[in-house]
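The structures come next, written out as structure tokens.
Both of the next two complexes hold subunit A, though its partner changes from subunit B to subunit C.
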Partner chain A sequence: MTAFFLIVAALTIAGTAAAMSLRNPIHCILALTLSLVGFAALYLQLGAQFVGFTQVLVYVGAVAILAVFAIMMTRSANPPEGQSHQAAFSSSWLTGGAIAAVIFAVLAWCILSKSTPMQTAIQQPDVSVNQIGDALMHKFALPLEIVGVLLTAALIGAVILAMPERRKTL
Partner chain B sequence: MTPDTIDQIFVIAKHWLLSYTPAPLQPVVSAALSVAPILGVFPLLFAITTVLERKGLGRIQNRYGPNRVGPYGFSQPIADGIKSLTKEDIVPRTADQFVHFLAPLLLVMAAFLAYAVLPIGKNMVITNLNAGVLFFFAVGSMVELAVFMAGWSSRSKYSLLGAMRAVAQMISYEVPLVLASIVVIMASGSLSTVAIVNQQANYTSIWPHWFVFTPWGFVGFILFMIAATAESNRSPFDLPEGESEIIAGYYIEYSGFKFALFFLGEYLGMFATSGLAITLFLGGWSAPFSFLTWVPSYVWFFAKLLALICVFIWVRGTLPRLRMDQLMGLAWKFMLPMTLLNIVTAGVWHFMPAGFVRWLVCTALLAAPFALLSRGLTQGGKKLQLRTYRFAE
Partner chain C sequence: MSPLNAYLLLSALLFSIGLTGVLTRRNAILVLIGIELMLNAANLNFIAFWRYGPNPAALTGVMFAIFSIGIAAAEAAVGLGIILAVYRHTKTTDLDQINTMKG
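Here is the complex of A and B:
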């Protein structure tokens, strides 16, 4: 529980909380981006350099931009004026709180029931890019190929969606 | 003063200064001492580049550049800096104030972060990350978000259009940029920039082992430079910010110092990508010939950086602007297949025994598809005819 972890965790949680509660959808996406960067910082603190940088590259560089484009293209970007303010203790708060409490209870039960103290210190696996590449090429070669097929399908789908339609001449 | 001392003078100075600081403060002071030169040198280089560019472009266009302010106009950046600092900061009333303020800051921050992994000289890198090249590209992808924030928050049709075009262009060209650098990672077996430069710093007789002197390295370097020009929105890829097309695109509504920050961020991004190109392909801080290693390493790095900047300015003054669909077609239809072929060629190069046959095979593997692809992409080889004009009678 170092100071660095506390600060980054606070930033991440603040970002996600802001993403849920801000009015303007674009502000929500930017707050979500802040929390994604916070996750990347946590990965880096755990020593996973490759995953941390890939998180920034993929999430901030691609997913966040996709989300802002999606929100921008649909017309929900302007916050609706004259929104009725919900009462302080409406029924949606009750259901939301109940679901959150149930999830918290399940997670806490899982973590507490499995946390037998480790007798020997686990040797921290040295995850370097070499080993990730090695694993991808040998042990996980089939998932790699399947992901490649999935990406090709997504690319073809995107091209078909963006292609101008050809009108059949009568 | 041996050549080695002059070469390592900054490292020695930093260690000397660190020895006088108390132990608990040492990490902070060490970080500050590493970062401060970057914060000082590269904006200075930005200032020099602005005046070089204006005079260079002027000479290419058969006119003088600025020649009033200092000796031959070389104090123009000082005048520009004072002007941008004292201009009124106009923010549109309907603009998104918070995001409008944050966008230039994010851009400049992302641009500065990229210098953390560039080895400026021997033993002179801020951090030697194991995944250095990946860090560089991750930070570069934050620039796109800043560009979008700038265009969106201005609530102006021109800036939104410019931002969308700019983001589409930057995302499209990020693919060839990363793929072109993968060949170097394959050849050197490491993502760390320091390891890549150290591998290129050897010499056989007098010739250096730079990656640009191999077929795949040469093609990779050219593809990387084209993608770098597009990534920093420079001519001939500057449709999103062209003055005659969209009147400065996504930073129309910025004035004064924020505009200067955008300019600074764009140029810093250009220097950073050039610095990465130098690190990956041109041997970083190593000298071109083995009898020139007495010149300090940081002098070589900045000499190569200035050469690349001059090439950027030269290309800007020479080539016309590409239209948006031509730009995207170039990225996806030409550069992406060429980078993939380049990766295959680098693999072939690695597994063939060294000799003349290897050069021949790899050059053919690259030159033939290039010829075929460019011929196929010019719409079936339309013959260029003498242009005839029809005027109204």
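Here is the complex of A and C:
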């Protein structure tokens, strides 16, 4: 519970809450970027350097940009006339918020009610990228291949989905 | 409160905020962003359990987080592609108005 953890946690929570509550989708994506950087800082503080930098590369670098492109291509940043006064939230937002609050209460109760056995102050594990690469190539070789196939399939699928459809000649 | 508990609480809170967004937002893109935030909260759990777990040298938490990030990237690409395809048919990303399956 260092001061660094508290500051980063506050920043991440603020970014996440703003990303889910602001009206303008572009502002939401900017807040999302702050939240993702906060996640990366938390990973770095936990000693997982590689995951932290992967997070910055994949999420801040790619997913946020992809979302900005999607918002610009769907023109949801400036909705057409007559819809701009509508709420950004669904009409059943109270139910959704209540469900999420109940789930958080149950999770927090589970976490706090049971003292976790692994509280001993373990020294910071130093994991080099060398070790991670070694494990990826030997112990986790099969999952790595499967993720490669999945990413290829997702790439082709996304391109096919976003391609303009050809009209069938009847 | 132990550090592990602090991380778990933070992760639960972020997961709940993401879930709130998924359940209440009307814009389909922001619903997808909420799912990404929930996946990130789960990743934080993996890393926290790995860091404070009994055997950090096994690298399982880090590996799970890396694969999870890869899957989430694929999910984001396909999801945004689907949203673009739906937008082409219905000219809207408002989930309250997308209520027919036939375009």
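As a working rule, the second predicted complex is superposed on the first by the 124 of 170 C-alpha atoms of A that agree within 3 Å, B and C clash if a C-alpha of one lies under 4 Å from a C-alpha of the other, contacts with A are read in each partner's own complex, and residues count from 1 in each chain.
To be clear about the criterion, a contact is a pair of C-beta atoms (placed from the backbone, for glycine too) under 8 Å apart; a residue touches a chain by one contact, two chains touch by 3 or more.
The shown structure was predicted, so the numbers you read here are calculated from the model rather than taken from an experiment.
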Next item on the list: Applying the touch criterion given at the start, work out whether A:Ile26 contacts subunit B, subunit C, both or neither, answering first, second, both or neither.
Entry: first
Next item on the list: Return first, second, both or neither, reflecting whether A:Val129 touches subunit B, subunit C, both chains, or no partner chain.
Entry: first
Notebook entry, point to check: In the superposed arrangement, does A:Ile65 touch subunit B (first), subunit C (second), both or neither?
Noted result: first
Next item on the list: Have a look and say if subunit B or subunit C is in touch with more residues of subunit A.
Entry: C
Next item on the list: Have a look at where A:Ile13 lands relative to subunit B and subunit C in the superposition and call it first, second, both or neither.
Entry: second
Notebook entry, point to check: So, does A:Phe50 touch the first partner subunit B, the second partner subunit C, both, or neither?
Noted result: both
Notebook entry, point to check: Just which bits of subunit A does subunit B share with subunit C as contact spots?
Noted result: 50, 54, 62, 69
Item checked: Residues of subunit B touching subunit A in the complex -> 96, 98-99, 129-131, 134-135, 137-142, 144-145, 148-149, 152, 160, 164, 167, 171, 174, 191
Margin query: Show me the residue ranges of subunit A that touch subunit C in the complex, using the header's touch definition.
Written below: 1, 5, 9, 12-13, 16-17, 19-21, 25, 28-29, 32, 35-36, 39, 42-43, 46-48, 50-51, 54-55, 58-59, 62-63, 66-67, 69-71, 73-74, 76, 83, 86-93, 95-97, 99-101, 103-104, 107-108, 111-112, 116, 118-119, 122, 125, 127, 131-132, 135-136, 140, 143, 147, 150-151, 154-155, 157-159, 161-162, 164-165
Next item on the list: Using the touch definition up top, name the residues of subunit C that touch subunit A in the complex.
Entry: 1-10, 12-27, 29-30, 32-34, 36-37, 40, 43-44, 47-48, 50-54, 56-57, 59, 61-63, 65-67, 69-78, 80-85, 87-88, 93-96
Next item on the list: Using the touch rule from the top, collect the residues of subunit A that touch subunit B in their complex.
Entry: 24, 26-27, 30, 33, 49-50, 53-54, 56-57, 60-62, 64-65, 68-69, 72, 128-129
